[in-house]
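You will see two complexes here that share chain A, one where it goes with chain B and one where it goes with chain C.
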Partner chain A sequence: MLLADIATLLVNSLTWAMATFLVAAGLTLVFGTLHILNFSHGGFFMIGAYAAYSLGNWLTPLLGGPPSVVLYLFGSLVAGVVVALLGLLVDRLVLRRLSGVEDAYVLIATYALLLVCEGATKLVWGLKYQSVMPPPALDGALLLGDAVLPRLSLFIIAAGVLCFVGLEVFLNRTRPGRLVKAIAADPWMARLMGVNVRRVYTATVAIGFALAGLAGGLLLANQTLSPSLASAFVIQAFGVIIVGGMGSISGAFFGAILLGLIDAVGQWLLPGLPGLPFFLAMTAILLLRPEGLMGRRT
Partner chain B sequence: MTHFDRRQILQFGAAAAGALALPAHLRAQGTPLKIGLITPLSGPQEFIGAYVKHGAEIAVDQINKAGGILGRPVALEIRDDKANPAAALAAARELLGMGINLHLGGISSAVVLALAPVMQQEKGVFLTCGAGTEKMNHEAYSPNLFRPGDSPDARGRAQARLMAQKYPDVTRWTGLIPDHEYGRTMWSIFVDGLLEFYPAIAKKKPEILDPIMMPYGVSDYRNGITAALRQQVDGCFNATYGGDAITMFQQARGFGLMNRYKVVCDAANEFLVARGLKQQLPPHWTGMHYYAAANKGNAMSDRFVADYLAKTKDPEPLGWAAEAHAALYALAKAAEKGKSTETASVIANLKGLTWDTVTGPRTMRAEDNQAVKDVELVFIDPANTDKGYAVSQYVKVAGKDVILPPAPGQKLKLRTA
Partner chain C sequence: MSAPSGTAAAASAPLGFFGGSLRRDLAILLAVMALGALVPALLNRGLIFIAGMVWINAVFGLAFNLLFGLGGVLSFGQAMFFAAGAYAAAVFSQQFGLPFALAWGLAGVVGGLLAGAVGAVALRRNEGVYFAILTLAFAELVHLLISNTALLGRNDGLAGLARPVLSLPGLSLDLREGDRFYYLIVLACGGLIALLRWTVGTPFGRALQALKQDPERAEFLGIPVRLHRWAGFVIAGTLTALAGALVAPWAQIVTPELAHWSNSTNPILYTLLGGSAYFWGPVLGAVLLSAVFYITRTLVGVSDLVTGLLLLSVVLALPGGVLGMLDRWLRRGRSAQDGPR
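The block that comes next holds the complex of A and B.
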């Protein structure tokens, strides 16, 4: 029984970690490159989820039968594209104007953008709670001995790991990715070398927002859909990028795993105090390493 | 520049003195009677606040069509409390400062408890439209605070009694309880009811396991769900609420948790979870402030449903709308009875008041400002319809049979396992 508990606990913690990482990935990418802490990221994650929800509602009756995994993934990709386009608009209207201004203005501007996202969501989709059933292939659970492993959890873990690997390959093994890293490290030098920094910034914003939309689609069947979805995720996403090190993709990935594990073990050992070990751990990590697990000391 | 002669000054003076000498209600005749509505219109509880707002607006329209209160038209002054005590206090102080003494709204327990002292200090009256705290009628009792709807003890004990009647063999119980005051209170009351009604009705002693404490307002409940899987029980009481409850049920589905229970009894989600989950819904009992279909034939309810449909296009108003409606009618009747909208008179006339509502007549207990109201419970199944769910059973429990005796100023005393 103990082994089954450990397996379930591990899968639970990884599910939380990868769901959080999927949301945090775009946030930390944009911060690492543009040094803009985008408070509205959760809002665009939410719009991605609603976009995938609407697409699924429209396509499922047309295609007939229960929704498939392929349709679910297609909806997530479309949500990513829709939110990327919104990101380009936001970049043109808001983010470009924030370069070089004080952090406080950036926070206020992006927080205002979050409120705009919430207001727009209420106008378009209303206030009602919605939920989406996972496709039949992702419904139910695998039984590993006594351990119950929900298929949706395994899907979320796989999606998070693939997203991480994809981003790592992109940033470290491709020319555009290396360009993003180079500009993040020293935009002035990149400009001297003839790189169109503005264009790379815009592309980074599009990728960051696309990741938010993609996360919204992939996590659609994981939780309630409501205009308060943004705040439910963005706080934990900020938690993992702060613990992992601001701007570090691998920091967010491993920070999420660490915090997920601490939360799961904490709830196992202290069931009457849910959430407490998580915040204690976050505090301890930040006291010991204020720059985060994989952040650079400034 | 206009110059007034002595005669004109005397005429103005006499007119002003005469006007001031009139009774206040005659002076105010024809001017709108403003009533404060303090409810969440943004944030996570906005969805429920919208029901409260619609219910109050419908009541105001109906009252105005019938001639208003003491001949004065009623107008709502609406403020957003964000379900946050600080915002609610700021709103209340603003409205009280405007001279508005009659208020309703407040669906969050923390908000209602925060408003009690300011209402007492500034001589206002506040009627909650769904806050579940038992403290407002017990250790935090305030004469200026009223609950025209279900008391948490009546609701929780009615549910426990129903479980003992319908499921006498389900004697091992646990709870999925949000880690906040309301959740812990509802669980304690339900346990009190199990400990009273199982021995009395089923002739069995219930076994109560430690509840699973669920974090509040998070996106993942899997650790709590896994802990619940480890328990061998037949009955489960759920007090998670709104979006949290939907997420929890959605994630529990993957583990097959709800299929393990012979019965699930939900504290207060009405149709929120059913509307969110549709076919994913686990069959369960839930408590309602008001179930429209069961109150068909009550003229007030029929009119309320028609007006609600016309206003919102929603044919099935949920209980929070009905609570706001009932609160406004209580204020109207208390004012009419005392022929005054002054605070002292309204308080005196609310105490012991019996008034008509969409769920039938209710009486406000004079001792602790708590209405004695029948508890409405429904069993909801998933259904292959557009709505996605259907009510298969409805039970009305007489409030007077399950509500605990009034004890203002004292802590609620409950049995413990």
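The block that comes next holds the complex of A and C.
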């Protein structure tokens, strides 16, 4: 009985952690390379979710039958591509012009972009809350003894872990990935070695935004879809990358798991104040170890 | 208390923080207040309500800009003080039955104490974006506490707040009637703006500006940097709470939305749109942005879109805001008059 409770608690907090990590991955990648803390990341995540939602609504009747997992994944990929293209546009119009601008104004500019995302979403998709059912294969739950493990939760945990492994392999084992890391470490030196830094920046933005769109599609059935999705998730993602260390992918991954566990334990101890442990952990880390658990002291 | 005569800053920026004398800015304030007093005679009920909110938001923006434009400290959590003031005024006057004037003063004290506590902790991290995110986290904490406290009405907030009856010795003024509370807002906000303008001109205000430009040199010259930032943070928090306290009787409802981080971004929007380098920037920004909201109020999403695009274009193309543009234009006119040098 108690064991089942713990298993449920663990699955819930890991689901939260991996959902937040999927959103935070692109955020921390862009921060690590361009040193821009992008408020609008949540906005593009939301646009990705809505794009996948519209695609699903359009394709499901055409294909007939219940929506499949393949369609769900296809919708997420398309959302990733769409948002990556938007990222290229944003890079050209906004991010490039922010080099040399004071930190405070960069933060404010990306907040302005978030407002633009929210406004555009409201204009295109309206204010209504939409709840999206997962495809039947991901609906329902597995029973493990007394523990209830929702299939969608297991899917999200798997997606988060795969995304983490994929990013780590890309950044550490492939040439383009290592280029991104090299530039994050020292753009001046990279330029001396003949690297086209500007092009790598653009590619990083595209990848970061693609991750936001992908996350939007993958998490579509995990929560209700509404224009307030962006601001809810961006604060969570901020918390995770601050705790893990801004700019570090593995920091975001383990920070998300840690915050998920802290939040779950907190809800168990203090059911009246949901979310309090999350903010307490975030402020404590900011004060005691601002470079985060896995970040480097700069 | 007058502007420094002949300093480079005054000569190059006629509208800047120190561009005008205290006397000139007070004259501007009186003119704006006179204009504001005409509002009830000219406009309908809905617009009078908005005008009252513009006054309150102008103080909200000015208090933020005391930190940002003058002191160089970017806070993303000013909504916590605004909400603290609003809730304190509501609780003290409604639940505890205190007279409004006392409740208003206590609301300021609550805001000041909260700012003192948050500032003492958060100002330890003033580098980069950490302070901004830290204040954001604290404000979300306050938001969370408000929406989970039974005394404060949880998510529903406190509704049905009465407008007060002011009783002075030998005189009772019923502010529940007609537009009377609007005039009180004009007077109260006018007073707060005058106080803010006076603060800017004091040696303390000058010190804040000095440590924005070069904290290391300011420290070297004997200005205790963190103490000054903390004092500025407390003053801004107190004034923000006093502005927020006026919302309770004016809107007659307070909700946790007041503490949500999107409300923290309002003073930032006013300030950047109007011009952060100018004392009057946030006031102009509050007026302009309220006009944008009013015009686009029936078009879902357009107000966010327009606000976002305006803010983006200010940051990317017009760093001085509207007053910066006006300032450049005035200076060009002046140098054309003087002839080529």
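Observations on the structure shown:
Please note the rule applied: the second predicted complex is superposed on the first by the 297 of 298 C-alpha atoms of A that agree within 3 Å, B and C clash if a C-alpha of one lies under 4 Å from a C-alpha of the other, contacts with A are read in each partner's own complex, and residues count from 1 in each chain.
What we mean here is this: a residue touches a chain if its C-beta (ideal position, glycine included) is under 8 Å from a C-beta of that chain, and two chains touch if they have at least 3 such contacts.
Everything numeric here is computed off the predicted structure, so don't read it as measured data.
Superposition note: with chain A as the common reference, chain B and chain C are in steric clash. Once the two complexes are laid over each other on the shared chain, residue contacts for A:Leu9 go to chain B alone; chain C is not touched.
Of the two partner chains placed by the overlay, chain B and chain C both lie in contact with A:Gly275.
In the superposition on chain A, contact of A:Leu113 is made with chain C only, not with chain B. In the superposition on chain A, A:Phe21 contacts neither chain B nor chain C.
Look at A:Asp103: by the touch rule set out above, it reaches chain C but stays clear of chain B.
Residue contacts after overlaying the shared chain place A:Leu127 against chain B and chain C alike.
In the superposition on chain A, A:Tyr53 contacts neither chain B nor chain C. Of the two partner chains, neither chain B nor chain C is touched by A:Phe45.
On chain A, the patch touched by chain B and the patch touched by chain C overlap at residues 127, 227, 231, 272-275.
Residues of chain C that touch chain A in their complex: 68, 74, 76, 121, 124-125, 127-130, 132-134, 136-138, 140-141, 144-145, 148, 261-262, 265, 268, 272, 300-312, 315-316, 319.
Put simply, chain A touches chain C in their complex at residues 37, 94, 97-98, 101, 103-105, 107-109, 111-124, 126-127, 227, 231, 235, 238-239, 242, 272-276, 279-280, 282-283, 286-287, 290.
By the touch rule above, chain A contacts chain B in their complex via residues 5, 8-9, 12-13, 15-16, 19, 127-131, 133-134, 139-141, 148, 150-153, 221-224, 226-228, 231-233, 236, 263-264, 267-268, 271-275.
The touching residues of chain B, when paired with chain A in their complex, are 43-44, 46-47, 50, 179, 210, 212-215, 217-220, 222-224, 226-227, 229-230, 242-244, 246-247, 250-251, 253-256, 272, 275-280.
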